[in-house]
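Here the structure comes first, spelled out in structure tokens, and everything after it is commentary.
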Amino acid sequence: MKKLVNDPKNVVIEAVAGFGAAHADIVRVSTDPVYIARSDAPISGKVGLVSGGGSGHEPLHGGFVGFGMLDAAVPGAVFTSPTPDPILAATKAVDGGAGVLHIVKNYTGDVLNFETAADLALAEGIEVRSVIVNDDVAVKDSLYTAGRRGVAGTVLVEKIAGAAAERGDSLEAVTAVAERVISQVRSMGVALTPCVVPHAGEGSFTLGEDEIEIGIGIHGEPGRARIKLEPADAIVDRLLGPILEDIPFVRGDQVLLFVNGMGGTPQIELYIVFRRAAEVLAEQGITVVRTLVGNFTTSLEMQGASVTVLKLDAELTSLWDAPVQTAALRWGR
Amino acid sequence: MKKLVNDPKNVVIEAVAGFGAAHADIVRVSTDPVYIARSDAPISGKVGLVSGGGSGHEPLHGGFVGFGMLDAAVPGAVFTSPTPDPILAATKAVDGGAGVLHIVKNYTGDVLNFETAADLALAEGIEVRSVIVNDDVAVKDSLYTAGRRGVAGTVLVEKIAGAAAERGDSLEAVTAVAERVISQVRSMGVALTPCVVPHAGEGSFTLGEDEIEIGIGIHGEPGRARIKLEPADAIVDRLLGPILEDIPFVRGDQVLLFVNGMGGTPQIELYIVFRRAAEVLAEQGITVVRTLVGNFTTSLEMQGASVTVLKLDAELTSLWDAPVQTAALRWGR
Amino acid sequence: MNLNATWAKAWIRSSAQVMSQHRVELINLDRDIGDGDHGENMDRGFQAVLLKLDDLPPEASPADVFKLVATTLISTVGGAAGPLYGTAFLKGAAAVAGSAELDGTALVAFLTAARDGVVLRGKAESGDKTMVDAWTPAVDAAEAALAGGAHDRAILSAAAVAAEAGALATEPWIARKGRASYLGERAIGHRDPGAQSSALLLRAAADTAATA
Amino acid sequence: MNLNATWAKAWIRSSAQVMSQHRVELINLDRDIGDGDHGENMDRGFQAVLLKLDDLPPEASPADVFKLVATTLISTVGGAAGPLYGTAFLKGAAAVAGSAELDGTALVAFLTAARDGVVLRGKAESGDKTMVDAWTPAVDAAEAALAGGAHDRAILSAAAVAAEAGALATEPWIARKGRASYLGERAIGHRDPGAQSSALLLRAAADTAATA
């Protein structure tokens, strides 16, 4: 394992300190317990948005703290959900009296720890709602699994719910918008190489020289199938198929197409993926009206990408377009 | 080699097509010859800024085309400078009558091809100036080398010169600002792993399991020394040392600190690097007043990072802060 | 050793040592069908507990020890295992609140409450390939041993053996809860890491009790 | 074969084949002390030339062939090699403009002009470990052969042998131009890729001329 780290035990705390120093205009950082908050939080009367999860997916979530998006992000150890204490501390730090929404990715650990934190916050008189993001169509959603995983679609939930909160929507309304995004967003990813968790020092899984994993999770969890490497276009077709089957997109639909890098894939490849994905959608009569391409929900240095499609309507589009000013996503100010 | 590509020969053309489709609000793309231009180019009376170079360093340069930065970018084959034809075509496409500045990284191929294109443009009546970016302190600048390489500092040159052009500076003035940035910016990088050029299918060099290359170039060219892996802080010290020696920064100086990822390094590590770099500068009494952290000048999937320091003054700072709207760098609009 | 506060502390100290020794094994199990952090999580949590054990007042009861374990695991482990083990110790502590020493009945109550806590939080059933598949056989074996007239240490030993067998038994199964559930058929042939850490924990409890 | 347009085209066709055959070798040389694209660049360029050769009118002179090679290499190779080889062929073409067939004197003029073109653009001196170190020995050997009364094919053969020796001679050197100059001492032991491709080119010229 070769990494730009000091003591593997200090990876998260040092990175968060560096993040705070680099973006002091946007965020402030608490180191004990560890969370990242908007520098102007709490904002009186505004619904607070808190997300979090294991580290290693940067810029998710810390890179999305700021005007028009999250009020706080709570990073756990690498690939390990945070404990309730920092979630509670972040929730209290950003509560401006209008309540707080927890945006949680659907992993048992995240759900349980946010649940506990929400209970504790409630006990302290803070109104907390939670939404669970589960956009990964690679996983069968059934009574007999932990349900679908939350992956890159989370970024879109955070942006759009953040815009709703910023314009002054109530906790109920912000929650409803977030739920609407969750119901209309689907993703699926592919890994070409594994990632190495700093404390483990070894690949999270192994792939043969010519193998790829279709339906990979963002923690290196295996997906639907391990297949031989194929041309990019064929891989994109494998990712888009299940997405388009899942929400029956219809001709004339307008969508946001988001190609997300897993961290270690050159940008040039992400655009090759985008090209094919846009082509397939066009063939289906689906119009791409908004786009996002880049490394936004990563798995450390994993090579691979995911494709996310969000069905838009006028309101979601205008919330997407609303100004945002975070370390990783910025426009309009 | 595992990559999300179709035919390796089509990597650049497909990526550029995808880029154009993803950012149609900002750029338009020409595919024969290949270049990326601002969608509103040429802008009458504004100095046009053209940069380019081998592909594989994305978002450099295409990701920096747009309001307040470049008017056009010319991508060559992977790691191979573009030929004069597309440079000439891009130059003509963005000439708004106020002349065009070529921002060239100091590699023999880039210099020669841009030189030829400038000669041809001149022959067609377009006034062209060129600046050569050579910020890499890893390479000794002497009569007996091709001189220092242009690396991540190029981004800062493009941003600041772009802002000068946007506010209406003359070709002479924009060139002078670019030269000033070049004279005050220094960089040095480290590689932990090699990158794989698609058409080559093999690593650009090899590094042992515990080796790193200090002073790496952005095409995987070897640097100053190959050493055993060290903690991040020690590596950062090795990069900052030659930078600070080279421009004699003095106590009280204000600088922009830019930590650049080589493409395959997790963001979390870039912030660990930033943390230490900021600490060292603070110890020297140098104040970091602006920051940039991320993958901006990459070497495909190479793992590693570079540190860039730019000495600021009031004018450069305000040009840095000026609005910019490109695929990879955006604020203020 | 009687199952008093001294035992409770010794058990937890021993557990910390065991988690540290088995850190890599648990990481590897979790890498196979999860995300490769279970050993790291358990080790981090128990090391944190270790640092706090000495702060307990001398008159602390077994329940006080377990409550400390619960809150520390909840606040340091994270992931799925943190809340689950935390709730187990929290509910277990409540079940034996006030007892200075656990007899067979109290021991079974402790184990039952701990298991119920895991089920309450995680909603897993037997056969879902989770830590429940170590805890439930342990509870069953403890109850049977108690009914058969066994002594506290023998009950604990029966629980440990059953937990180990339970963890082993998860290997051929498909998972229906936790990360491994994403794997479908591919989880087959791998032992559940949480079931394994539970077996290690109960083995440490039994072994500590067995020493003078 | 006399050194007429038929030879010039045959030479270039053969060069395209040679660059394609030696693509990986040149990539590997460039990977050692550069950026690993030289074989790809040369192959791409000569394949492009190949596609255009047939468009030449039947009355095309050797100079016309070389001009076509020059402009095509300039517009398809990129990197350092594109402008350098492009200028070489451009200047070489100018030196033999108007000749339907190259005699010994014209051949030496061609080689000299080509070499001078490379030096003009790249400013490298002998010993800088660049393609100049293949071209200059080739020019010198050609001049000597001409002075010694050798025939055109013999001159070309002498040039090819000298270029090969020149490329080989770059191995122990430090580079002072191009990417390899960044390497300092570490360039020692590696042959310059551009010198090698130049030697291949001149070898192809000689071999084509030698066939009936």
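Going by the order they are written in, the chains are A, B, C and D; count residues from 1 in each one.
Here is the rule we use: a residue touches a chain if its C-beta (ideal position, glycine included) is under 8 Å from a C-beta of that chain, and two chains touch if they have at least 3 such contacts.
None of these values were measured; they are calculated from a predicted model.
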- request: In contact with subunit A and with subunit D at once: which chains are those? Just list them.
  value: B
- prompt: What are the chains that subunit A and subunit C both touch?
  reply: none
- request: Would you mind checking which pair of chains has the most C-beta pairs in contact?
  value: A-B
- prompt: Using each chain's Cα centroid, which is most distant from the centroid of subunit B?
  reply: C
- prompt: For subunit B and subunit D, what's the span in angstrom between their mean Cα positions?
  reply: 32
Query: With chain centres defined as C-alpha means, what is the inter-centre distance between subunit C and subunit D in Å?
result: 75
Task: Please compute the C-alpha centroid of subunit A, do the same for subunit B, then give the distance between them in whole Å.
output: 29
Message: Between subunit B and subunit C, what distance separates the C-alpha centroids? Give it in angstrom.
response: 54
- line: Two or more other chains are touched by the subunit C residues none
Query: Going by the touch rule set out above, which residues of subunit A reach two or more other chains?
result: 78
Query: Graph of touching chains, which shape: line, ring, star, complete, other?
result: line
Task: Could you run through all the chain pairs that touch each other?
output: A-B, A-C, B-D
- line: The subunit B residues in contact with subunit D across the complex are 54, 76-85, 107-109, 112-113, 115-116, 138-140, 144-146, 149, 197, 199-200, 202, 204-205, 217, 219-223
Message: Could you list, by residue number, the parts of subunit D that touch subunit B in their complex?
response: 27, 31, 34-37, 40-41, 44, 74-84, 121-122, 176-179, 181-184, 186
Query: What residues of subunit A sit close enough to touch subunit B in their complex?
result: 2-7, 11-12, 14-19, 21-23, 55-56, 58-59, 63, 78, 190, 192-193, 195, 209-210, 212, 229, 231-233, 235, 259, 263-276, 278, 288, 291, 293, 295, 298, 300-301, 303-305, 325, 327, 330-333
